[in-house]
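Below, chain A partners chain B and then partners chain C, in two separate complexes.
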Partner chain A sequence: MAKAGRPAATDDGVRRPWGAILAFLLPALTVYMALTAYPAFRTLWNSFHVVLPRRETFVGLDNFVELAQDDIFWHAVRNTFVWAAASPLIEVTIATLLALALYAKVPGARFFRVAWFTPVLMSYVVVGILWMWIYNYDWGPINATLRALGLDGLARPWLGDPDTALPALILVTSWMWVGFNMVVMLAALHSLPREVIEAAELDNCGWGGKLVFIILPLVRPTLLNLVVLSFIGKMKIFDLVWITTKGNPLWSTETVSTYVYKRAFEWSTFDLGYPSTIAIVWFVIVMIAVLALTRAFRVRDKLEY
Partner chain B sequence: MRVATQSIVMAILCAYTMFAAGPFVWAAMLSLRTTSEIHLDHFALPDPMHWDKYPDAWFNSNYSIYFMNSLQVVVGAVILVTLIGAMAAHCLARYRFRLNRIIYFVLFSTIIFPPQVTIISLFQILVGYGLYNSKLGLMLVYVAIQLPLTVYILESFFARIPADLFDAARMDGYSDWAIFWRVALPVAMPAVTTTVILNFILLWNEFLFAVVLITDEANRTLPLGIQRFIGDTQEDIGMIATGLMIAIIPVIVVYAFFSEKLIQGMTAGAVK
Partner chain C sequence: MRHRLARAISAVVLGAAVLAGPGAAGAATELTFWSHWAAEMPKRSFVEAAIADFEAKNPDIKIKTTWYEKNALYAALKTALRAGQAPDIFYAEPDQVEYMDNGFLLDLSGLNWDSVEPWAKEAWTYQGKPYGLPLEAWTVELYYNKAKMKELGVEVPPNLQFAPEAFADLVKKAAGKGITPMALGVGDRPFPGAHLSHEALLKRLGTADYGKLLAGKLPWTDPRVVETLTWVRGLADAGLLPPTFSTLKLAEAHVYFHTKPGALMFINGSWYTSRAFNEPDKGGQPLDFQLGIMNFPAVPGAVCNECRTIAVGGSYVANAETKHPKEVTAFFNSFLRPEVGNLWLENVKVQTGIKADPGSIKDPRAAEYFSMIAATNKGAKYFFGIPIQVMTGKPKEVFTQVINNALPAGNITVDDAVRQMSAAY
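On to the complex of A and B.
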């Protein structure tokens, strides 16, 4: 990390070749302006309008008022937040335990690392289909196992039952992302200063003590990053739901992303204004949530040191 | 006692490995069996192995079209985003000027944007320019969505290249462009490879933008094709499994050759 900081290239007052700077930045800025910044502002503009093909009418805050009373939207918000709250906890906890096992140099660590990482490489489309089979009522391996154990009563259509559909999908995302989190944690563990851990060993600090008092506080920045990354990822979740349940049954797996998609392109309302309003409101909610999350971790840092 | 703990830990790790890898092993087995065989026993080993299902899926269900579409869109987008992103990253890392950090921050903060913020208007914009439902349109959008991450990873690498190298090149009479093209880029090759592989896999799997921006059968990318394929074949599990494996194989090949690079790319920035 401390190898070489930012180059002290410009011992200030030195060259600022504006021509070259502009030429280097222009392609990226053009793409950014045309396909990210402009669309974002257009979405904001849309949110105050009813946007029909060839006709756009200004409606002020009507869309926002409607959204506030839209039960399906709030249902989707609740589902998405449940997902975004549960996933980081599950993923980061399991990943940390697995990473510690590999850090302690269990036999076959290299193989484990590669095997665990694999699920994250698959598209949600592939993963979604696979897990629809795994959850299949008649012949899916989960129900097959339950029946083989004589627990027929527990077998159920996991994705068709409003009570189990959302937890079942949360399990799928955890299955996908634990390996990723584990690899990051492992990298963080390997970058810890050896002397500190050895010093703790000299002080007769046990495994548990080492973990709680030394390792976890040292990797806290990485933990925070992983929690935030996982959180953001789940706030965006669309593909998996779209492939497996489309938000069914009874809105129990509806997420904000799938609802925006339905309102914009599935329901024959043809209005792009209202879904834009959802997107804008959601964007604000996500930003606030991410800031709050980062804050919460920082405050605790201050209290401890 | 110690041995007991160790074997418990190993048992847990092996169980987790089965959980993590099991679904693929199962899918690979299904892909080599016919649907009628599968209905007799869903968990039997493939015997005999029906390798002919692969050419069958490839030729009889437009898979070759989907695959080539994905290849064109993704390779095109990866080349463009790497070039454009590297230029911008080099510029932000090398030259100090007003706005530098602002541009960097604006680009970087886009990483947390929910895609809905742009997707509805991108639909409108592409329709407006006649790029809706075209591979070119989707490719440009892919460049835009991967640009922030690419610049972010490359900038941090370019910033660590010692300035002496550039000063020496300048004294040798290199132009600003030659310094980028013939000094910075070759030195940064490891980081560039990382972003190339990472972008390739992320875009190969991309679904949301594709489903919104492409409707024509002839322009579908692989994820859309698979979705279409399940719709068409319904209960033909054996064939769908073959289709899934065809989509997975390129990714597995890339992963087999570049697993270290890929892991580096995906973990870049998460470790601090």
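On to the complex of A and C.
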């Protein structure tokens, strides 16, 4: 047995300074327990209760049963999945093309790198207001351009039409995040081994061949990481919707996050049980989706290599 | 040496201040007060003047005021009330039944209710007890531009109410001349688009059946409801509303009506004045604007064309956990005098739940406005509250999305709207 005040010996004879380890871990553990573990546990607890001020009632699975029959929730789930599926494809595809253009040192590459990256530096509030102007029916540049081209029939309130509101918002997030994806892709391109590319060039491999057979396979892990990151980001999207449409019209832009907020703070109730149920169910869905994505990519990796 | 002396004097002064501080603070009771209307200067100025007057007469009571915009206030209150950190007095509206449901509000039975309009007290009565000081009251009014009406060669009937066919003709005539018949938008509010349907349904059903409809005790599949919504949808299809209806914000709808591009009509709460009577460069109507007010048109098959909605809006309530209920009651009672009601009418130019005399108004613009309001409300039978003040939970959410937005925007059929409303209860 180790003497008090002295590090305890392990099986291999190395003494571990448990006091110091604990001292270093304690602040981080405390913050983690207080701000992550407890809220997560509390949300799970709430999901089985009706949680009103000064009283909580256990309701078992009632909240989950109600949620299964809540068509607004399923509307929000569908919208969020559409967003999370479409955005990564759009963002990563365009970002790859732009990164390749910069990698090939097109004229004005420095300017374009800054210009394309700038949107990601803006907050969703600014971006939301900016695009509400762009989409304005009367004087927004999109409708103004359409009218100038004699295409008046195509002008519409882009954020006010249930058919166009969600695609219009997906376009906004794509515009905003393409720059971030582009910079990551550019870094990946610059870190490619020169000798492999030079060997391909010695074999008279053209740009298309290098892209398809050398570059894309080598940057594939980066691409997949960007897809997963974008997917997770869109599964949580809230700010842009809240600023622009608040889920309108006809729930066509409602996302799970906006619906949770509405149920928690805008529904005529103080109950936090039902919103917690939505949060728990959505957490599980997102977790499964991310695991499925990761697993799918890993399987393909095994097949290829 | 001089520095030491200065430090010693400072320490003595500071010590005296620290010792005197609690005694001085303890002499006055401080009431904390959170209110909406941070940017609505007429209302804010009125309340600030009332507070100053109260403090002058009650030097032992101080009101510590914090001004908010409505959404920020509501979000702050939800958290503060849960945490037991809410102010003594705060702004609320009668649709916030969750406050009463959870016992957050002080029973205000002790107020001088004789100075309050009975319908306004009723709006704040929950399970037999009154909970709010009903400062702001309003009716749903149909405003019109007299000049544009003249331009169309149409005269408003003497009873200020168009027949259904005449109103439909008016809409078509205006749309045909390139004038938007009615400025309206739901870009930032959950209720303006619903004014069309709820006023029509109220007239068609009468107050009793309309109340049952909102409470879910009369089905939305009732033929009278379906016919009325079809009539409303027909008006929308005839080009009643601007193409920007779904995204047009309330302030923009005001400007759309009276300034640019200009519309023939505008349906809104009678608090229209709180924006339109500002200076033109602050969103107010042009000084030479010819404002008219008429009744909502008669509705086909209506049983009560004189029925209309009256609502209590901005009010003040007290925290049930306040440590100063007597002071709060005294503060609220300081509002409940006819001269205060008159001051509200004169300065804010919106109706109030406090008994007041519109005849006492000296400002000619306000006097003319209230005489027009009196004309449209002559012989009216009232239903209290707009639907989102009466509904809660899912019916309220579906009503907001479907009846307020999608139906008048033409994004949904009447059958689908009825199906969704039926499923919401």
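Here is the rule we go by: the second predicted complex is superposed on the first by the 290 of 305 C-alpha atoms of A that agree within 3 Å, B and C clash if a C-alpha of one lies under 4 Å from a C-alpha of the other, contacts with A are read in each partner's own complex, and residues count from 1 in each chain.
In this section, a residue touches a chain if its C-beta (ideal position, glycine included) is under 8 Å from a C-beta of that chain, and two chains touch if they have at least 3 such contacts.
Predicted model, so just to flag it, every value in this text is computed and none were measured.
Peer 1: Check whether A:38 is in contact with chain B, with chain C, with both or with neither, and answer first, second, both or neither.
Peer 2: A:38: touches chain B, not chain C.
Peer 1: Examine A:161 and indicate which partner it touches, taking first as chain B and second as chain C; both and neither are also allowed.
Peer 2: second
Peer 1: Considering only touches as defined above, state whether A:118 meets chain B (first), chain C (second), both or neither.
Peer 2: A:118 contacts chain B only, not chain C.
Peer 1: Using the superposition on chain A described above, determine whether A:249 touches chain B (first), chain C (second), both, or neither.
Peer 2: So A:249 only meets chain C here.
Peer 1: With the two structures laid over each other on chain A, which partner does A:61 touch: chain B (first), chain C (second), both, or neither?
Peer 2: After superposing on A, A:61 lies clear of both chain B and chain C.
Peer 1: For the overlaid complexes, name the partner, chain B or chain C, with more touching residues on chain A.
Peer 2: B
Peer 1: Have a look at where A:265 lands relative to chain B and chain C in the superposition and call it first, second, both or neither.
Peer 2: After superposition on chain A, A:265 lies in contact with both partners, chain B and chain C.
Peer 1: Now for A:148: first (chain B), second (chain C), both, or neither, which partner does it touch?
Peer 2: In the superposition, A:148 touches no partner, neither chain B nor chain C.
Peer 1: On the A-aligned overlay, A:212 touches which partner chain: chain B = first, chain C = second, or both, or neither?
Peer 2: Once the two structures are laid over each other on A, A:212 reaches no partner at all.
Peer 1: Tell me the contact category for A:290 with respect to chain B and chain C: first, second, both or neither.
Peer 2: first
Peer 1: Could you list which residues of chain A make contact with chain B in one structure and with chain C in the other?
Peer 2: Looking at chain A, the two contact sets intersect at 265.
Peer 1: Would you mind writing out the residues of chain B in touch with chain A in their complex?
Peer 2: Within the complex, chain B touches chain A at residues 6, 9-10, 13, 16-17, 19-21, 23-24, 26-27, 42-43, 83-85, 87-88, 90-97, 103, 107, 110, 112-125, 140-141, 143-145, 147, 151, 159-163, 166-167, 176-177, 180, 201, 204-208, 211-212, 223, 226-227, 230, 237, 240, 244, 247-248, 251-252, 255, 259, 262-263, 266-267, 269-272.
Peer 1: For a test of understanding, state which residues of chain A touch chain C in their complex under the given definition.
Peer 2: 52-54, 71-72, 132, 135-138, 156-157, 159-162, 248-251, 262, 265, 267-270
Peer 1: Give the list of chain A residues in touch with chain B in this complex.
Peer 2: 3-4, 6-10, 12, 16-18, 20-21, 23-25, 27-29, 31-32, 34-36, 38-40, 42-43, 46, 51, 98, 101, 106-107, 112, 114-126, 129-131, 133-134, 139, 141, 144, 175, 178-180, 183-184, 187-188, 191, 221-222, 225-226, 229, 232, 235-236, 238-239, 242-243, 256-257, 260-261, 264-265, 272, 275-276, 278-280, 282-283, 286-287, 290
Peer 1: Can you tell me which positions in chain C touch chain A when the two form their complex?
Peer 2: Interface residues on chain C, with respect to chain A: 74-75, 78, 81-82, 95-98, 101-104, 186-187, 243-247, 392-394, 396-397, 401-402, 405-406, 409, 411-412, 423.
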